[in-house]
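Chain IDs A, B, C and D follow the sequence of writing; residue 1 opens each chain.
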Amino acid sequence: MATPVRIGMIGYGFMGRAHTNGYKRVPDFFPELGHQPVLQVACARNEENIAKFAKQWGYANIETDWRKLIERDDVDAVDICVPNNLHREIAIAAAEAGKMILCEKPISMNTAEGEEMCQAVEKAGVANTVWYNYRRVPAVTMAKQLIDEGRLGRIFHYRANFLQDWTISEDLPQGGAALWRLDAAAAGSGVTGDLLAHCIDTAIWLNGTVSDVTAMTETFIKERMHTLTGKKQKVEIDDACAFLCHFSNGSLGLFESTRYARGHKALYTFEINGEKGSLKWDLHDLHRLEMFDYEDESRLRGWKSIHVTDHSGEHPYMDKWWVPGLQIGYEHSFVHHVADFMKSLDEGTPCGPTFRDALETQKVCDAVLASAKNGSWEQV
Amino acid sequence: MATPVRIGMIGYGFMGRAHTNGYKRVPDFFPELGHQPVLQVACARNEENIAKFAKQWGYANIETDWRKLIERDDVDAVDICVPNNLHREIAIAAAEAGKMILCEKPISMNTAEGEEMCQAVEKAGVANTVWYNYRRVPAVTMAKQLIDEGRLGRIFHYRANFLQDWTISEDLPQGGAALWRLDAAAAGSGVTGDLLAHCIDTAIWLNGTVSDVTAMTETFIKERMHTLTGKKQKVEIDDACAFLCHFSNGSLGLFESTRYARGHKALYTFEINGEKGSLKWDLHDLHRLEMFDYEDESRLRGWKSIHVTDHSGEHPYMDKWWVPGLQIGYEHSFVHHVADFMKSLDEGTPCGPTFRDALETQKVCDAVLASAKNGSWEQV
Amino acid sequence: MATPVRIGMIGYGFMGRAHTNGYKRVPDFFPELGHQPVLQVACARNEENIAKFAKQWGYANIETDWRKLIERDDVDAVDICVPNNLHREIAIAAAEAGKMILCEKPISMNTAEGEEMCQAVEKAGVANTVWYNYRRVPAVTMAKQLIDEGRLGRIFHYRANFLQDWTISEDLPQGGAALWRLDAAAAGSGVTGDLLAHCIDTAIWLNGTVSDVTAMTETFIKERMHTLTGKKQKVEIDDACAFLCHFSNGSLGLFESTRYARGHKALYTFEINGEKGSLKWDLHDLHRLEMFDYEDESRLRGWKSIHVTDHSGEHPYMDKWWVPGLQIGYEHSFVHHVADFMKSLDEGTPCGPTFRDALETQKVCDAVLASAKNGSWEQV
Amino acid sequence: MATPVRIGMIGYGFMGRAHTNGYKRVPDFFPELGHQPVLQVACARNEENIAKFAKQWGYANIETDWRKLIERDDVDAVDICVPNNLHREIAIAAAEAGKMILCEKPISMNTAEGEEMCQAVEKAGVANTVWYNYRRVPAVTMAKQLIDEGRLGRIFHYRANFLQDWTISEDLPQGGAALWRLDAAAAGSGVTGDLLAHCIDTAIWLNGTVSDVTAMTETFIKERMHTLTGKKQKVEIDDACAFLCHFSNGSLGLFESTRYARGHKALYTFEINGEKGSLKWDLHDLHRLEMFDYEDESRLRGWKSIHVTDHSGEHPYMDKWWVPGLQIGYEHSFVHHVADFMKSLDEGTPCGPTFRDALETQKVCDAVLASAKNGSWEQV
């Protein structure tokens, strides 16, 4: 009989749904785990909305004040799914209450906040993780395995981008429940924290830490109606951000993110070039990993598209799903994250990225924003 | 409050899991429906196995005799997920007991059996559907919409194939629970009923009925150890099958399936060419639909890859899932099928493909196998 | 100093240009060959047209009667670039005059004619080849090498198609200089001789002879204005043709061609599946060969796209061109064919496909057309 | 009768062959032009080598001193195909001698040299162009047309890269005839002048001038044997270079080049994102242009792959070549450049990129190298 991990979910937006779906799938597809999530409490300020959400998804209880949720004895783990400006306070309170914490990314508004949060969870000794879900896309996980095995040799280049096109219209307002990502007060930054943070987390995981950066940001639409005030206000977030960097291992990095790349919806791609081989991945077809292997017979070298759907146990996580050739979706990355969190409880090990791991990404984001502001190279 | 539809599931293999997952996802993602599935009973001969399955997935009860399941008052709908040779008997008994029926494809071992089954459900007046799940891949559903709108004009060509490579080894045995698909006694045929049936169902749905065929089948490995007898026995199924046909609308068809196409895991593709445009689809990247539109400006014509992931309501089913650019997986086709079945109960309409629809596919399969045997063109 | 091979070119259409370009490039890119083509005479009935062509391309002389061209002492090799119904007579006369012959494909209107032509060149002992140019696309040549090395193991499947869309309009006339391919009297057949013949030649080269076929043809537009008569006349050629076949090595074949596949301009593709690997190629990106190698490490298997542009000598012909990554074009296949013909003269060996080789393709075409007419399997 | 333009070619390496091939193809494929190139003199210091080259390609004469070539009365146009450090002196001498000049890119070692060269040709009033050949790839030319028509609307982003992998081995020497591109004394810079210059030229052509940059360069292999000295010497060129920039139109740019991207041979790609649409191109499949058109029907939006091979006159240059679907190669860009140069003589207009145009690219290269050295944003 598995040990229940009673989840207290704060928030019910896009990520609230994705995490909740993750919790619900794990008992079906990872029944062997010794810990299993239970949907205990869902929390949001609007009672009607959260009640509807809880009913739809099967949470046993609701709260309208996150402090109440944290006080409950029947909650083991707190899932923080609210705008970035609320992460710090909730996380610290949850840690002090001895709860495990699964926090949405980016960890915080800035490095200082993140450091406080790290100290809180470390002091409390509670299990913690940050939802950089793309680490658990099987193709990405396999990239990590290949790199760790030394299959690429010395690394020369890493490049990543995350391109979207949903804010091109001038008529789109900023702020409010749906559009807090455009409001600097709630989000801290624009694409840097929302999108580049994903690219940076994966990059650090695959290629190690970043040492210094030079960056450029832009806000293409200077003013937008603010949903909360009803007035046209200056847009304070970055619509686009690009940066160059050095990694500690001597390789060069190139990163870009924007919400103004017409035709791209969620084009998160990365590529890593090493002496012995290269890897590429693209979220738009997330079940594929592209590989170039210099150790192939020379006349037959080329880029190979690996359909990471084998269920024999060789492709990460895929033994849990269907049969070869049948793809999984975006949401499965969250299922895998929950499963790994449960497994980490079974094993008494951390579940990366921990708060401390996520802080490393935050430091890069801060350096990027500082560089864009100052027009200088910045150390991370 | 939704009306529960209590499911009695017979079988627990690959399809048992896929259907069950479908039932479980519908309340989460289609909460507005007036009927909702409930996992009531799971049934299989091996008590230990079915008990484990029921516990993992959350079925409230188990049975070890499908007749008992059908007799139960607490079952509203019977899901037939067992080898093809058992479909007829179970379906007729379920119909006579007034149960709704969701039957795995192909409907039956042959047209005669299928006709009996159709008559049984029609006489009983019970809701019925056959799990040709690919109709509910959003890209495929959108292809149907475009064709029905006349976007392709007069149709000239339809081609489809379903290529796999999992039976190339001579050491693979035939028969038994895992490998009944290689045993003609259980499966009726090889790739024709297993794989081509999918291609034919989609083809008829998109392009209308088939009038005549000429076919070729092959069994590359002539003998395999039979799991049940422990002896090397003749392989009676078709390892590969290809056929040419005329559709009733005057267009030409070309179909192929095999389990000997090295490098393809589940390469189900179709393409349809009309006077005004063409469409292509590939299960290996099922969230994409390729379109060529002759009505585009002439110098800019080309094949367009549509990432069918928009949640605005324009892409079928996708308003239920994530945000643009984020793909869904294979299993979602079953979720959509369950949702549509529930919706059909709300509306009192049939949920295609009904048994009668699926019989049309069976007729083509029978004509194909007859043609391959006789070396002649056969009328459907 | 290379031995000149003085070319007498009969015809000046699309193929006349492509062949002529081939002759002109060889001294530049294959200067080491001991025989080199010289543009000696161009011939066509219309004096003004052929004079203009000769001037543009650099032919030293013109003729308006092909018999005169054949009689000339200053012509070593005759290039037959006229409609199919004229091949037989010219080829036999050229052979009797002791000329080498380079004949456009298909070799003839039918097998009987082709057999006569073979006997004529064999009796005369003259060098001969048929312009099935796709054998000399480097990616296709490399496919041949890999198959001959046994890299694919036992072959199970071969499939090819050649899809176009240029005759969909009812307003397109038939016949005359530009449109003789739609006129059965000039072309013999429609897509079968024009397009499928290419697919068949490559298939036989790569996978051996075909033993029997079942086919289907269609003429979608039944009547078209005839350019020569000015009247609407029945269209006698096949607009589309598909066939199934067995190869002598036991593998299964599937072929299709049409001029009604909206969106495809010259989509010649083939794929071959063997026990140990598979290959795919597509004329639309002719510098790429796709390969699946079962002998790769299992978790890393996938389809590899080989950019066949390496100049190190490992990629066929590519040491003559640019640097890696820089593609060549369609016309280069003709340059390679000319170079190989010159090389065969250096070495005193045949230059495949010879007339005799091309006759094998003609036999398959005849069987295909007979099968389509008779509705039966036909032996080749 | 066309006016001959007698070419004096200085150099005979990779580019010497590519330019020469361009001159030879123009009379065949662009016979309507009023000026036509003639291969008059080839020049290099090594008499044996240049004699062999001249004989192979058909130059009427040779010289071993470029000053002699410039003095000749029978030379109308000088083609400068030697390492970058020789461009300035030859170009100025040729201009003073009243010769037309076709100069290999980059125009010069730096902006100061380039400015001198511009003044020389402008003072002399001689026709001049720089071989940024990629402008004349039909897909790229069509991109220019679409942008000029306003099909993309306001531009937000431009990104380009040029990735190779041929210098990864430590054993590769620097310097000498074959490897002068690794020798700073001959080349001026590494990938910046060799590869990024192409990206920058196209970018300026398509998207206007660049205003400021921040850049990063790297030399991964610090020392290599020098072919001329036989000693291990410091490598002074940049192995890799990346930069961020602002265009004058307010859009953001991102550029990267390297010779250490394992798996890429000549991966020159660009992408431009505008309010109404986006375009992408890739040298590895240079006959394709990818387009996303926001003005498409919303549910059917996607990236379209346009096979730029139509011969109806709608696709730039393609009416001169084959039939739809049949690709051309890398070398055709040079043929088109020659044709356009001849046409510019017919019309008395400049043939872009002129020296003055190419100087704009040089300025960006200089700013990039300065930024990489100084760690600062640099104005162009």
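The criterion applied here is as follows: a contact is a pair of C-beta atoms (placed from the backbone, for glycine too) under 8 Å apart; a residue touches a chain by one contact, two chains touch by 3 or more.
None of these values were measured; they are calculated from a predicted model.
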- Task: Compute the centre of every chain as the mean of its C-alpha atoms, then state which one is farthest from the centre of subunit B.
- Result: D
- Note: subunit D sits from subunit A at a C-alpha centroid distance in Å of 42
- Item | Whole-Å gap separating subunit A and subunit B, where each centre is the average of the chain's CA atoms | 36
- By the touch definition above, subunit A meets two or more other chains at residues 264, 301, 303, 307
- Query: Quick one: do these chains touch in a line, a ring, a star, all-to-all (complete), or other?
  - Reply: complete
- Within their complex, state which residues of subunit A touch subunit B. 14, 18, 21, 24, 27-28, 31, 56-58, 164, 166, 264-267, 283-288, 307, 309, 321-332
- Note on the structure: Given the complex, residues on subunit D that touch subunit B span 142, 291, 293, 296, 298-307, 310, 312, 314-315
- Task: Provide the residue numbers of subunit B that touch subunit C in the complex, in ascending order.
- Result: 152, 156-157, 159, 163, 165, 168, 214-216, 218, 220, 240, 242-244, 246, 252, 254, 256, 258, 260-264, 273-278, 292, 294, 301, 303, 375-377
